[in-house]
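Down below are the structures I want you to see.
One chain, chain A, appears in both complexes that follow, with chain B as partner in the first and chain C in the second.
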Partner chain A sequence: MKRLFLFSLLLTLVLGANAQKFMTKNGYIGFFSHTPMEDIKADNNQVVGVLDISSGEMVYQALIKSFHFDRALMEEHFNENYMESDKIPKSIFKGKITNLASVDFTKPGTYDVTVDGDLTIHDVTNKISTKGTIEVVSGGINASSKFNIVPEDYKIAIPGVVREKIDKNLGVTVTMKFTPVAK
Partner chain B sequence: MKSYVKIALFVVVFFAIAGILAALIMFNKKHPDTSKAKPDFVVTAVTLQKEFEDNEKTASARYINKILEVSGTISSISESDNNSLNISLKTGSDISSIICTFLSPVDKSKFKQGDDISLRGECSGFLMDVLLKNCSAVTASK
Partner chain C sequence: MKRLSLILFLSLISLGIFAQDDLMNLVNQSTPKEINYTTATFKSTRIMNGHSIERMPHGQLDVRISHRFGTLNSGGYNFFGLDQSNIHLGLEYGITNWLMVGVGRSEFEKTFDGFAKFSILRQSTGAKNMPVSVSVLTSVALKTLKFTDQTRTNYFTSRLAYVGQILVARKINEAFSVQLTPSYVHRNLVATELDPNDIFALGAGARVKLTKRVSLNGEYYYIANPKTYLSQQVYNPLSVGFDIETGGHVFQLFFTNSLGMTEKQFIGGTTGQWKKGDIHFGFNISRVFTLVKHQKPANY
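And now, the complex of A and B:
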């Protein structure tokens, strides 16, 4: 199913290729957990992102296994115990800029946006709404956002002993450097 | 003290120390150093991408979590704000490549678009491209 979705995404990209679509395959999503006991950080620089500036729609996809932790053991636990990444390899966000009219994609500058959408992690989909910025630069568009998620909202079970070491609200950072889809 | 008590005590202490040591080693476990590790598979970028394209399930079972040594031509280089470097390798497809992420700060000037390169990394799977993490260069032709 996800393969089919990707394929149709690609197809629309290729067929409808024009100045309206922007893309990156080197997008960044990271999360941060702070507790008095420990700070934990994970980075993923292999996020695929597509932005359609005519509709304000955006789609992000990431492989769970692409998240990197400083500690190998943590990365192992994250994949095997919490995210079950062998069974559920991907995470997806599909959303839309709700105040598209306030962004002038022809004029370089930074614009505040609100994005509403569906975030799917660990096969659980939740509606989220978050603030972010769109930066129109020469040759591309940068998008970034910071928001919080609660692991339990995505049925990610963290055992009691470890729970205190992980923030109840994980801080998520998204940074994309989109370039126009060629052709 | 009776000798069997001594022995029992010794055994208990021994296992306690062994346990603590094992826990410490586990906790401080490092990511495999792909520049030194022996690769599980040696493939070309073209073959690797084609295998995932043709049958993602089989290719996933074979390659994910394994250390791959992939050879190919650099199609693009992308640097990110958090000190990581992505190098993409050309494949037989226009829209799908092999994306390799280097995490420790690396000398970007070693790599050039169009260079033939051989690199090692851990395979995390297939999105639109085959993704490798924790990468290191094996050879960089100049």
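And now, the complex of A and C:
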């Protein structure tokens, strides 16, 4: 009885210690909107991302005010009128690689993965599923993905006068260069 | 044995939860505590006539076209002032994120003007707490109207007037911002020797956001000097109106008792009186062009 308890405790500890985590503080998330009237593009290279290769879980967090636009006025409108970043300063993605078995983290190479998770933007959470790649390189792991989101799904109101200038499907690009978390 | 498997089961569950929380904690710990600068205290670099603490960011060019029509009390014959108009054209540019400069030309007294506005402090929360934004404005006005008295020696410097302002503003909440503007105007040449060369004034402005794209603005300058000059009687300028934002443009539509559109003109040069109906309808149109695009980080 005691031994079994000890065993389960040990198992927990071992599993915990074995959880191999990778992270970055300079992850990139950008989005792009193309319409015949206007191209809009924003970049954020201060995204914090964490990947746990034992479970395939990943968490990304982006500060809305760290998205930068070519036009200062667009950036102001983005923060002020659309994202309300004073009230809602962050966006978060919590997801999991569903085909973790097909990635060999010990062998350098590029692996196709599918990630399912919850994307929270503007305080609205939606389930998303997207394809991406995991690239195992020496000293780290690169992860990237491209997918589309619809602003209205996140209760981001776009008034009629500018609706034609903003793509109904925004293209999102995610690029992370993870390094191991020192324990 | 049952209890044991329960413990085992629970510990595994807790492990799962622990792993997720752990990732989230790691993310939160690693997210830098940023300085959260207050943005959009006002919609435009002007509250109405006078400057707001807002500045053009680096590389942005603001093209401004402003009109003040005649007075409402000029009657139906003059279409309540709309038959007359005064124009000010301005080109304004953000050299850095804390310095903007501008040049302009007013029809009123054929005046050229130039200014520099420095952002000294920015209201912020987070890693740095700053309750107010502070800017300093200096401007020069060059009157090119022909001298009325051609017989005396007229100096170039007689055409100049200087303005210094300290702008202190606070965005109190999402919808409400206020600004105080202590101002000093020096006019090199005045009409008579009893007219003051130096004028001291305190400006106050506010905006109330009505919707995401429309705000109600008010602006008032209290002039501390006696307002009865030998040459003319002047009044405190008061302006009330709306900011309307449509994508790339900001329209400011308002009523004011001042015909002048630069500091030198409306501080100590406002001869209209609200209660007599010397009210001008006016508008400013601002269109911002991006001359310098921001650089995408090189490593992506």
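Note that in this section the second predicted complex is superposed on the first by the 163 of 183 C-alpha atoms of A that agree within 3 Å, B and C clash if a C-alpha of one lies under 4 Å from a C-alpha of the other, contacts with A are read in each partner's own complex, and residues count from 1 in each chain.
Definition applied: a contact is a pair of C-beta atoms (placed from the backbone, for glycine too) under 8 Å apart; a residue touches a chain by one contact, two chains touch by 3 or more.
These numbers were taken from a predicted model, which means no experiment stands behind them.
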Looking at the combined model built on chain A, do chain B and chain C fit side by side or clash? clash
What's your read, chain B or chain C touching more residues of chain A? C
Could you look at A:Val161 and tell me whether it touches chain B, chain C, both or neither (first, second, both, neither)? second
Quick check for you: in the superposed arrangement, does A:Met37 touch first (chain B), second (chain C), both or neither? neither
Does chain B (first) or chain C (second) touch A:Glu57, or do both, or does neither? second
Is A:Lys25 touching the first partner chain B, the second partner chain C, both, or neither of them? both
Please indicate which partner A:Val150 is in contact with in the superposed arrangement: first for chain B, second for chain C, both, or neither. neither
Clashing chain C stretch [against chain B; choices 9-17, 45-53, 63-71 or 153-161]: 63-71
Common interface residues of chain A - those touching chain B in one complex and chain C in the other: 25, 28, 30, 43, 45-46, 48, 61, 63, 65-66, 68, 71-73, 76, 86, 89-90, 175
List the residues on chain A that touch chain C in their complex, please. 1, 4-5, 8-9, 11-12, 15-16, 19, 21, 23, 25, 28, 30, 43, 45-46, 48-50, 52, 55, 57-61, 63, 65-66, 68-73, 76-77, 79-81, 86-87, 89-90, 94, 159, 161-162, 165, 175, 181
Chain A partner, complex, touching residues on chain B are 26-32, 56, 60, 64-65, 78, 80-82, 84, 86, 88, 95, 97, 99, 101, 103, 124-125, 127-129, 131, 133-134
Which residues of chain A touch chain B once you look at their complex with the stated criterion? 3, 6, 10, 14, 25-26, 28, 30, 43, 45-46, 48, 61-63, 65-66, 68, 71-73, 75-76, 86, 89-90, 175
Complex interface listing, chain C residues touching chain A: 1, 4, 7-8, 11-12, 14-15, 18-20, 22-24, 26-28, 30-32, 34, 36-40, 56-57, 59-60, 94, 174, 212-213, 246-248, 288, 290, 293-294, 296-297, 299-300
